[in-house]
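Would you mind keeping the following structure in view while I ask a few things?
Read from first to last, the chains carry the letters A, B and C; within each, the first residue is number 1.
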């Protein structure tokens, strides 16, 4: 081959390598950026008067005087809309029964539904039982979506059988042309803001409040707390065990067949699929040991603990092996026993490294879902107290992200909650990892002197 | 010297013990080390327990239903009365996403590892490593959420164009490179000076036009593809490959680092370019370690639950045609996660035990691959150490 | 060489305790009080790493309160011998010994020997200064604390005494709570000596204590050894023949695991008996 071609090949080889690294960085960005930008929306958003009503009624947050004043203000605009609706109902009463009336009636039902979705229960509606129907749109962007739905009927065009059907919109006002309801549409379009009074809202309660009506409203505190209990519980079991096992492997284990079996068991455990840990937790901790009646934080923590144990052992082993041998010699040379040398010299020197491994494992325990599905997680649940960890299950961020995104009846309506949860989980895990990375950088700097 | 001695010259100062003291010391040491050993063996005990308890709940399934149906039928109707438990399509689905993710992650991961160990200067490497760690740290459910909520709709709405651009961006440079190399090789027989340059130019031009046409034609075909559902094997494979990448990169890099500088310098000294040094010298020496990395990465992909559960479509059939990555599939892990909710109401039924049978299958697979990769790493270490 | 009355007396004691060679004391003006008794005696003492015999059947007595230097080319077993005296070689799994090594009349490798207590009596300073990543005070107090001293005042006393003995007190007395790793290399090494002295050993083993230091710091360590001579039995392994001749009273020369020559330093350097010794000290090989 030509030297020129060889050089081109060499350069493209480098380019492939650099590109793959860049691709990985890009993958990270592609995953994280939308989650961050959308997740922030769970806390910063344009909140409507309905949000403030809810906050006051459920959590006693906000200024009741200002709220009352705003309610009066919006009610004046709402009443206009309601009177249009009433006028139309009266008009319908007077209509002759027939196809036309039937069509109006069915159309009108969806209009009423959307209106209730926007403004809360309409006059004449029964007081709804579910919280989600007691309030209108709490978030302005949801209100705008609902408004669009009110203004237009979505239709599908199937005319070209070779292609997928295309969507198109028909103004609803046209369907009601000539009736009293025709006035409602321009009125709503022009006055929606005055009816809902959107304000830039910083909703810190998303983190600190419980959820209301299966996450339709409210915050995610129960999930955050559950995640915290599970992860910390797992660490309580796994950390001491892992460090002691690491001490054995580095300082006491002889180089024989039995030790190699133990080591191989460690890497086997590290490779077990996480869902199998879940099965094991169910079959062993709950069905056999009966650590709790059914799912519980304790069973989940134990399951997570055996999952993160190999990581902790490996990290602790590495940290202990990184302690200069001279420290050990110095201590033994002064007449210290082996055990005291380990406790007073080796462990303190290895501690930052051990803690780094611990932090990373903590993050892993917080983020795992599969092991807790059968052992600890419930979809909807109240915040539990510390005394309940032995017998009650808990919601947890990881599980509820899955549940809200895939199984919730209104999964599309509460995307903002899902994004907020993912953001919370990723933030927790990445902050833990970041602190571990920084800690490690400091250690290596210290070792350099 | 009249200063106070540490223990006032007591008898305990003596370094020779009485038999009584020695015995006590030995007993204390025995129990101390015994305790440490016990804790260290805990992991091995746990592994045994996992095998035992998963197997104990898996065996009743095979006793009731035998092996044939499970491994050969694609009829998966566990809820029916009587149920059908053909897991072939599910096993196939697991295999499909695993192979798919390996196809993406292995080349990407190995070239990234080479780049980290041999190409990038140390200053940049310092920043690249945390990126990889972050990629590994993101919880699987977050990836699953991304796949379901962000990526699946994208794939569904803009699937064709996405595939086309991916094809052009990835295949384009390689095809052009291939044109240059092939035309060089084709004309290398002729050493006749100026004549050769002309020949080479013509060959390159012809091949180049053909290559561009090829790229365009495949791109156009891809562009016309309509993806019916964004939750499919392609989506899952792509996301799983992200998740397997960190493992592959870090383990391969360790193995490449272990090769040592002498070997590289030897190759450079013979006039090899960096690419030639790596491909012909370093990679063969590190190959077994890289193989171990690939196995570990694949294990991560096959054992992953949340992403496949959320974004694979969960339909238990073998895609038509069998290589159709744009079809929905279902995997072992997702089946266990998804079906246990109903099955654990009926503990003891085949419906419950079949999930443990799947767990056992996963467990055995991960155990074997782990053993194999461990053997490979040990062997490489021995070879490099010259034993 | 003519034996003096005192030497004859010493040799009588030595013979009783099993010493197997004649002992020569240094000239009158260099003698130390109560010194010259066999403190450590090796008899047919060999050290193995697996099948490899690193030290071969050594017979020698180390004399109390004098400085004995051990020289020889790299890999000759000199460090191995030194580390065998306080059983630091126990850390190497494949290492074992044959023959006997007596310290204070007791077998170092005996069945009832507690190596931890032994190391308290036989202190060691290593090639590279190895202070713990703790404060200067805690470094010195580490040993006394190990052996049960808890009283703050007493610890302070021990720390000051040890630092003074190691000629470091004046340099560090104002910053005892600082991290010991902030000291210079020479200071660190003297700190390590002080740390060893704090447990009040009888023997001080120095394993190439100056090999990682600059000439100035080396001179200070040598001064320190001179200072401690007469209070402790000191064994120093060194690569540097000048250093051996400067600081020691006796010198052992090891070559490929054999103790080739062991004599008063002056005699060994001026009038070696063995051809190998002569070749080594004249620099034919190293």
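Keep in mind that, in the parts below, a residue touches a chain if its C-beta (ideal position, glycine included) is under 8 Å from a C-beta of that chain, and two chains touch if they have at least 3 such contacts.
None of the values given here were measured: they were computed from a predicted structure.
**Student:** By CA centroids, point me to the most central chain in this structure.
**Tutor:** So the chain nearest the centre of the shown protein is B.
**Student:** Taking each chain's centre as the mean of its CA atoms, which one is farthest from the centre of subunit A?
**Tutor:** The most distant chain relative to subunit A turns out to be C.
**Student:** Quick check: more C-beta contact pairs at A-C or at B-C?
**Tutor:** A-C is joined by more C-beta pairs in contact.
**Student:** At what distance in angstrom does the C-alpha mean of subunit B lie from that of subunit A?
**Tutor:** A distance of 26 Å separates the two centres.
**Student:** Where the centres are mean C-alpha positions, what is the separation of subunit A from subunit C, in Å?
**Tutor:** Result: the chain centres lie 65 Å from each other.
**Student:** Centre to centre, by mean C-alpha position, how many angstrom separate subunit B and subunit C?
**Tutor:** Taking the mean C-alpha position of each chain, the two centres sit 55 Å apart.
**Student:** Going by the touch rule set out above, which residues of subunit A reach two or more other chains?
**Tutor:** Residues: none.
**Student:** Could you check subunit C for residues that touch two or more other chains and list them?
**Tutor:** Counting only residues that touch two or more other chains, subunit C contributes 117-118, 120-121, 147, 199.
**Student:** Write out the stretch or stretches of subunit A touching subunit C in their complex.
**Tutor:** My answer: residues 254-255, 324, 326-337, 340, 344-345, 348-349, 449.
**Student:** Across the complex, what residues on subunit B touch subunit A?
**Tutor:** These residues of subunit B touch subunit A: 32-33, 36-37, 39-44, 46-47, 49-50, 53-54, 56-57, 107-109, 111-112, 114-116, 119-120, 128, 130-135, 137-146, 148-150, 173, 177, 180-181, 184-185, 188, 226, 242, 245, 249, 273-276, 278-279, 296, 299, 302-306, 309-310, 333, 336-337, 340, 344, 347, 355-356, 359, 362-363, 366-367, 369-371, 374.
**Student:** Inside the complex, what are the residues of subunit C that reach subunit A?
**Tutor:** The touching residues are 86, 88, 91, 93, 116-121, 123-124, 126, 128, 130-133, 142-143, 146-147, 181, 192, 195-196, 199.
**Student:** Using the touch rule from the top, collect the residues of subunit B that touch subunit C in their complex.
**Tutor:** Its residues touching subunit C are 1, 3-7, 12-19, 22, 25.
**Student:** Okay, in this complex, where on subunit A does subunit B touch?
**Tutor:** Residue list for subunit A touching subunit B: 1-2, 5-10, 12-21, 23-25, 27-28, 31-32, 34-35, 164, 241, 244-245, 247-249, 252-253, 261-262, 264-280, 282-284, 287-288, 306, 309-310, 313, 339, 360, 363-364, 366-370, 373-374, 398-399, 401-402, 405-406, 415, 418, 422, 425-426, 429-430, 432-433, 437.
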